[in-house]
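As structure tokens, here come the structures.
Here subunit A shows up in two complexes: once beside subunit B, once beside subunit C.
Up next is the complex of A and B:
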């Protein structure tokens, strides 16, 4: 049976991550620290607030954190910078020699890597959640959260590629990485559920795609079985894939590489 | 001492050479810090106080933390790279000099982006830390002690690479762990985590204790902070010196 290049890139991504257990352990170890920090913070905050903050109790908030942080940690933290460097120094030209779409091929490989990290992070998160509180508040929410977590990683990756394409036009992609990360932190609901933001800011967040990367799976896992959120994610994923493909197509036309 | 000062001066000049890049990276870090401030403001809109910590106290903690990070990771950027440099056999250039290699390594590189923290911390203190002459003096004392603890800790976990091998993964994890733990009020943690913050991952000495001192000066707390600074600084130097006996050159003459 022949494998498509994209499937091959995806499985290679999985293998590559499994072949670097130390790097994976550091990432998952850091995730464990984040869980300790946020569980402590939200426990103290809910205790100080009569047990509930904007409809979230400690149990809901803990499962929210597990999903939000787990989905974000699954992607490379500095992916935008890496892609930007590859564009800036011309390395991307090597990928362009292959008879495949550069951006699709790279995204397939990144998705393979991210899936391994996601599975590890969510497994650890599940153990942490079960030991700290109890099972997720709703079975229906849990079932919806699983595909949402995969869609969240997909949206995150494609959005990072769309941002990174800026490197075809501007010299330093580092700034876009920082900007993107902060948008995920606040408007993506990674640090705080959107319900805790001021109404106007939450309204803006819901109009933008960032909430698909952290808030959606987290909202579902925290016991809110809002299946329509999956449709929103899917819609954004289609738009973001199209945007990344279009941005790279336009950028590749203006790429000038010097030297060999 | 003259060589160290000259090296440090050169590192600063190197960072300043590309002005556009310098200001871009500093601005990015300032924006990064502002987002954290915004996070805490939004957080305390919903929760008035958490175990004695309110918005102004957390902003004070953040002012100290960013100042400590600016000194330890901005001015002494190689502090977090000891593990990586050791694993790559890239210490040769430092070993050939007539000064202590660790002192040279620490002043050899300035991280431009993290200098943004060094600007941000004091500004935030002036704006939100209710500065008086006394509080400012304690702020400086606390930040310097916190920086000594952080540098000592980072050098120590980096030097572990010389004993256990690998490429310094434990140093990366230690770095990320101590920074995130130091970013939150020490009193939200309980039990074993709190014990950890005062011992093996000394995040409490980086931000929590200096914040407590600025708000409420106690000689015993100040003595504990100073002791921690001396202990972790010595630990870093001692482990680095011991580890050097096991160092294998990578035959790479780098700028370290």
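Up next is the complex of A and C:
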């Protein structure tokens, strides 16, 4: 493969994450705790509902949680705040002095870091799932979930960059990370499958991009081989990349950096 | 040929105060040019508009009005083309990745500038030798001292052989030895590669050692533009002496020297160097008084700038 600056940033992101095993271990350890808690919750919930909730049995729900939480935990939880800080304090100027697209270069590096976390999280999740409830319900669903997990991380990153770009216009935009997380929890399907939401809310969630970050890979891994969801994800990824690029292009013209 | 041409460049920032938005003019219609291979000091007090000017010339900020070209490129609209040919070094912002070693950062920068692997490795070694920094390259950046880090920053800024180097307060926070070493390296790079140097600094020694020409900016306007030797002759007409005596002098009376202040055995003196050489003052002090310690200082840059600012129209 050609070693473009973006590929270099991606591989460097992988290297950087692997060079900090303690940080990685903490995050994956946290993921393990979430799996234990959610598996207990869903076991109790399904037992109380005759074994199935909105078409999901305990086995399906556990694989759903593994994919949904694994994909979200792969990205930095407060990335929006980090980017907002760099815009606010002018550190982004250093990136602007390189002959690359600022947002593409940073996203490539973030993607490299996220891929390592994703592989670790899903590997741990796979062991947990196999020991708890046996293999994922559908091989086809599993095959579709793998590219969907990568696309989910890509959508999450690009969406966070689009949100963070607000810092070019609004002083305290970095605080939107809190709102963003809640949207991913609820409308992204991270907390529970969209089928379990009130119908109107689920309908709204399907019109927004958040569900690409958790629900889509989770739905696929829980045995629903709906390949069209990959197309939806890909479509949103294109839109979100275009939005992030446009927002940064416009924002860079408005950048205010005073002092040294 | 001019490396940098600036015409009536203006930058206004919107600020908010007491709920009202107002415009502050950081740069007010500056015009100048810098020749290829020139070493220019671009100085002024805090808030004068120096950093804003540099940021417009490197394409980070868009001007409100006016025009500029650097190496023929309009910085703010052709930034990605321009930055292939310029180097930048900001004393207060690092371009190195703290978690990596300097060499790993250089390799990543080499990819960013699309340098061939072999050329990049050769260039890193060359710069390491030139800047006496090779032994620092394999240490994690976060473990380097400020002086060591600045040598690595300078290496990073030179990887792609820039034709213009912008330096914004590059020696801030460095010790005396590290500062002098850094200045020597900048001059060496200029002389060996004919690289244009555009320097802002509050340190008079940076300006005296590195620059041949000086532009003074205040309140966003250029108020002085001449070569450094002329400035030194016409404006650096005083030196400060900090003297500590072993015993209190009976009456300190020296021609062309004023006592600025004293406390106990310590005296701060102003020597009017246009009337008397610093050497003869030092000789007299050492011969006639029991001196425990003595240091010679330049007056603060702010003072010189004030003098320029208050001087009649040149």
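Operating definition for what follows: the second predicted complex is superposed on the first by the 257 of 260 C-alpha atoms of A that agree within 3 Å, B and C clash if a C-alpha of one lies under 4 Å from a C-alpha of the other, contacts with A are read in each partner's own complex, and residues count from 1 in each chain.
In this section, a residue touches a chain if its C-beta (ideal position, glycine included) is under 8 Å from a C-beta of that chain, and two chains touch if they have at least 3 such contacts.
Because the structure is predicted, anything quoted here is derived from the model rather than measured.
In the superposed pair of complexes, A:57 makes contact with neither subunit B nor subunit C. Within the superposed three-chain model, A:147 lies out of touch with both subunit B and subunit C [touch as defined at top]. With both structures placed on the common chain, the touch criterion links A:45 to subunit B but leaves subunit C unconnected. When the shared chain is aligned, no partner comes close enough to touch A:88: not subunit B, not subunit C. Of the two partner chains placed by the overlay, only subunit C lies in contact with A:16; subunit B stays clear of it. Shared interface residues of subunit A (contacting subunit B in one complex, subunit C in the other): none. The part of subunit B that touches subunit A in the complex is made up of residues 21, 24-25, 28, 31-32, 35, 38-39, 42-43, 45-51, 166-167, 169, 172-173, 176-177, 180-181, 183-184, 187-190, 193.
By the touch rule above, subunit A contacts subunit C in their complex via residues 3-5, 7-9, 12, 16, 19-20, 90-91, 93-94, 96-101, 105, 253, 255-260. Of all residues in subunit C, only 13, 26, 51-52, 55, 58-62, 76, 79-81, 83-84, 88, 90-95, 97, 99-100, 104, 107-109, 111-114, 168-169, 172 touch subunit A in the complex they form. The residues of subunit A lying in touch with subunit B in their complex are 22-23, 25-26, 29-30, 33-34, 36-37, 40-41, 43-45, 48-49, 53-54, 172, 174-175, 178-179, 182, 185-186, 191-192, 196-198.
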